[in-house]
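Before any comments, here is the structure.
A, B, C and D label the chains in the order they appear, each numbered from 1.
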Amino acid sequence: MEDLSTRLAQIGRGFYSRGWALGTSGNFSAVAAREPLRLSITASGVDKGALTEADILEIDSSGRVTIGQGRPSDEAKLHLAIVRARSAGAVLHTHSVWSTLLSDAHAAWGGIEISGYEMLKGLAGVRTHEHSEYLPIIENSQDMDALAATAESALARHPAAHGFLIRSHGLYTWGRDLDEARRHVEIFEFLLEVVGRSSSLTGGREDGNRQNSR
Amino acid sequence: MEDLSTRLAQIGRGFYSRGWALGTSGNFSAVAAREPLRLSITASGVDKGALTEADILEIDSSGRVTIGQGRPSDEAKLHLAIVRARSAGAVLHTHSVWSTLLSDAHAAWGGIEISGYEMLKGLAGVRTHEHSEYLPIIENSQDMDALAATAESALARHPAAHGFLIRSHGLYTWGRDLDEARRHVEIFEFLLEVVGRSSSLTGGREDGNRQNSR
Amino acid sequence: MEDLSTRLAQIGRGFYSRGWALGTSGNFSAVAAREPLRLSITASGVDKGALTEADILEIDSSGRVTIGQGRPSDEAKLHLAIVRARSAGAVLHTHSVWSTLLSDAHAAWGGIEISGYEMLKGLAGVRTHEHSEYLPIIENSQDMDALAATAESALARHPAAHGFLIRSHGLYTWGRDLDEARRHVEIFEFLLEVVGRSSSLTGGREDGNRQNSR
Amino acid sequence: MEDLSTRLAQIGRGFYSRGWALGTSGNFSAVAAREPLRLSITASGVDKGALTEADILEIDSSGRVTIGQGRPSDEAKLHLAIVRARSAGAVLHTHSVWSTLLSDAHAAWGGIEISGYEMLKGLAGVRTHEHSEYLPIIENSQDMDALAATAESALARHPAAHGFLIRSHGLYTWGRDLDEARRHVEIFEFLLEVVGRSSSLTGGREDGNRQNSR
């Protein structure tokens, strides 16, 4: 079984190669221990294309570094908030072109509803394409306490959501472990591209609906 | 000659790298023996980017595992149905953005007609770009028996079809062997992107036709 | 200095990875000797992603195989015609989404005019972005003698052209050697994507012009 | 610590793989010494996909080669101008589809304003997504002295700009070192794609504004 740090670095490099973590954007974490909580998380400002185990720190529930050199990701508070709210085993945050575009285009409706796609079946607990998945969109902020509070509020209002978007920022998703979280990233990034492209395709759905259903 | 399992894993990883099998989607099979039928097929829920020979199981004509550990792909019944209906040597199922988009956009017409492209010549038995290829689109279902029956019906109605789409789901294609099936996937994924993009290109064809001809 | 076969295989695999030679499409050649002419060319129907030196044959000016096992590319006559017409040292033919789309969209005008792009400077003999490059578009045919004749006619009518498109088929370009030919493929594939996308971009050029100038 | 030549070659190959330096386009430099200035820069006309340390020359402030064989990049004067104007430690120039498209579409307004994106925070000195970044667009020219003067003028008029576009040509950006410059390339290429795609997305911003704000 691979070390969490090895796995996080590998996943991060994979996201970078797909263009989902360019320019040192993105941050990735996984729970190393509970009671007390220890979270392995990418250090701040590192090139995700060159991520190694040395770039993964460990922090406690206050965000203090317990293992490693460097400053943890600026968004560590968000990761900790999601771990608490969802009892997540891993939290992944990507910055893709399509998540950024859709987070803007649908911000006025507060979220994006996606249903009917077989791809939704890869989300934890989803057994049919007739599932309706709602991705809340929250406003961005540089005040990490405020952003974490906004995220917690959205997570509480949408207990079934497997992820959320931060407007003009990107996607946050999680899972019981890194494999599940990573699968969720791939599914959401895929669906966001499908939804994004479908509005400009001849015969595609009506514009402006908050629904992107099939 | 490479082992079928090695080849299936390699093809799967290749599709994953192109974004055609993200989030554990997609499933790939090849006939290992006939009389009785033995089908090598990807196990359920595996990350196609990390496919290895260990992830390939062998099943019999009832779908029971004869070699390997794990649960075969949920869509094993579809693979078996196609092997029977077309005497196929391999069946490949991908989930790409363009196949998903087009399967929705053209669902109302029941299929997509593609003709005039030189790329069609790579489909088995096709010798000219003036070929007219019809890709039936069938409705998705979580009832695998129903889905297999729908697929068999479509295959019977369109004996010349080299593939079909499942709405909001993806592409199924096959070949006499893995090389041919893989070539078919590449050709269809390419043509679906061309057809998809052509409707939004200035000077492109009329919108809404069931025909995508050249 | 690398063997021509090694170089051709490497270039082919590179085009395949970019999606410009999927489904065994595309064919690549380089002059091995003159007087008499010996042309190294890809064998017919090979997977360009797995191209090796063993897949490169050598043919004479009649298209007969002088070295190697297998059938030379179906389009060998086109390669030979271009070598003769342009005294080319290498001829490369790719099948990309954008070359296919644009060859259709601009077919009615007989060609695509591209000017003003700095990228044009990489074409042999072009020293300024204020260059006007005309890419003729010829009709496809399965009669290789007819197609070669059509190509020769277009090459004679457009002596300055560095390439041409075959409608619904793809791009042909050449160079004094493989490096130059490969550079030309990259430049044309890049420019065709720019031209293709610009017509749907807000503030982009007028639709329907045969000119795609800057 | 890696040699500048090794790092430049690696960065160049990375840009090539993303399609930002096709057909020998693009040029990359880093300051090797100051007082007197020594700039490591890519040689002219090399395939960026095969860049090695041997393709990196060293020039002085007049552009004369001090180390290495070959002709320095044609755009060396631009690199030197930027190094002087911004006290840059590295200058990177890419030719991407989106930078080319946007440099044309927004040329009439003299630049592109981008604000509101979290991705902007990766630009040196930018601490919030509420930053407004202006990317000047200058006219292209084959007269390198004239082009350098135009660039210097734009840099003087826009002291906060982290990059600029040359119309129908590409992006220039820089940084205090190669890591920062490379981060800037990734950020700008990402944002240019977002801005480019947003105008054709349903619910996207108004067409024709010089502002691309969030």
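Here are some notes:
One rule holds in what follows: contacts are C-beta pairs under 8 Å (C-beta built on N, C-alpha and C of every residue); 3 or more make two chains touch, one makes a residue touch a chain.
The model shown is predicted, which means the values in this text are computed figures rather than measured ones.
Under half of the residue numbers at the interface between copies chain C and chain D are found on both sides, making the touching surfaces mostly different. Chain copies chain A and chain D are related through a rotation whose angle, from the C-alpha fit, is 90° to the nearest 5. Averaged Cα coordinates give chain A a centre that lies 30 Å from the centre of chain B. Once the centre of each chain is set as its mean CA position, chain B and chain D turn out to be 42 Å apart. Multi-chain contact residues of chain D (touching two or more other chains) are listed as 200.
Taken pairwise by the contact criterion, the protein chains form one closed cycle in which every chain touches exactly two others.
By the contact rule set out at the top, the touching chain pairs are A-B, A-D, B-C, C-D. Note for the complex: chain B touches chain C at residues 14, 18, 116-119, 122, 127-130, 179, 182-184, 186-187, 189-190, 193-194, 197-198, 200-204, 214. Those residues of chain B lying in contact with chain A across their complex are 19, 22-25, 47, 49, 95, 97, 100-101, 104-106, 108, 140, 142, 166-170, 196, 199-200, 207-208.
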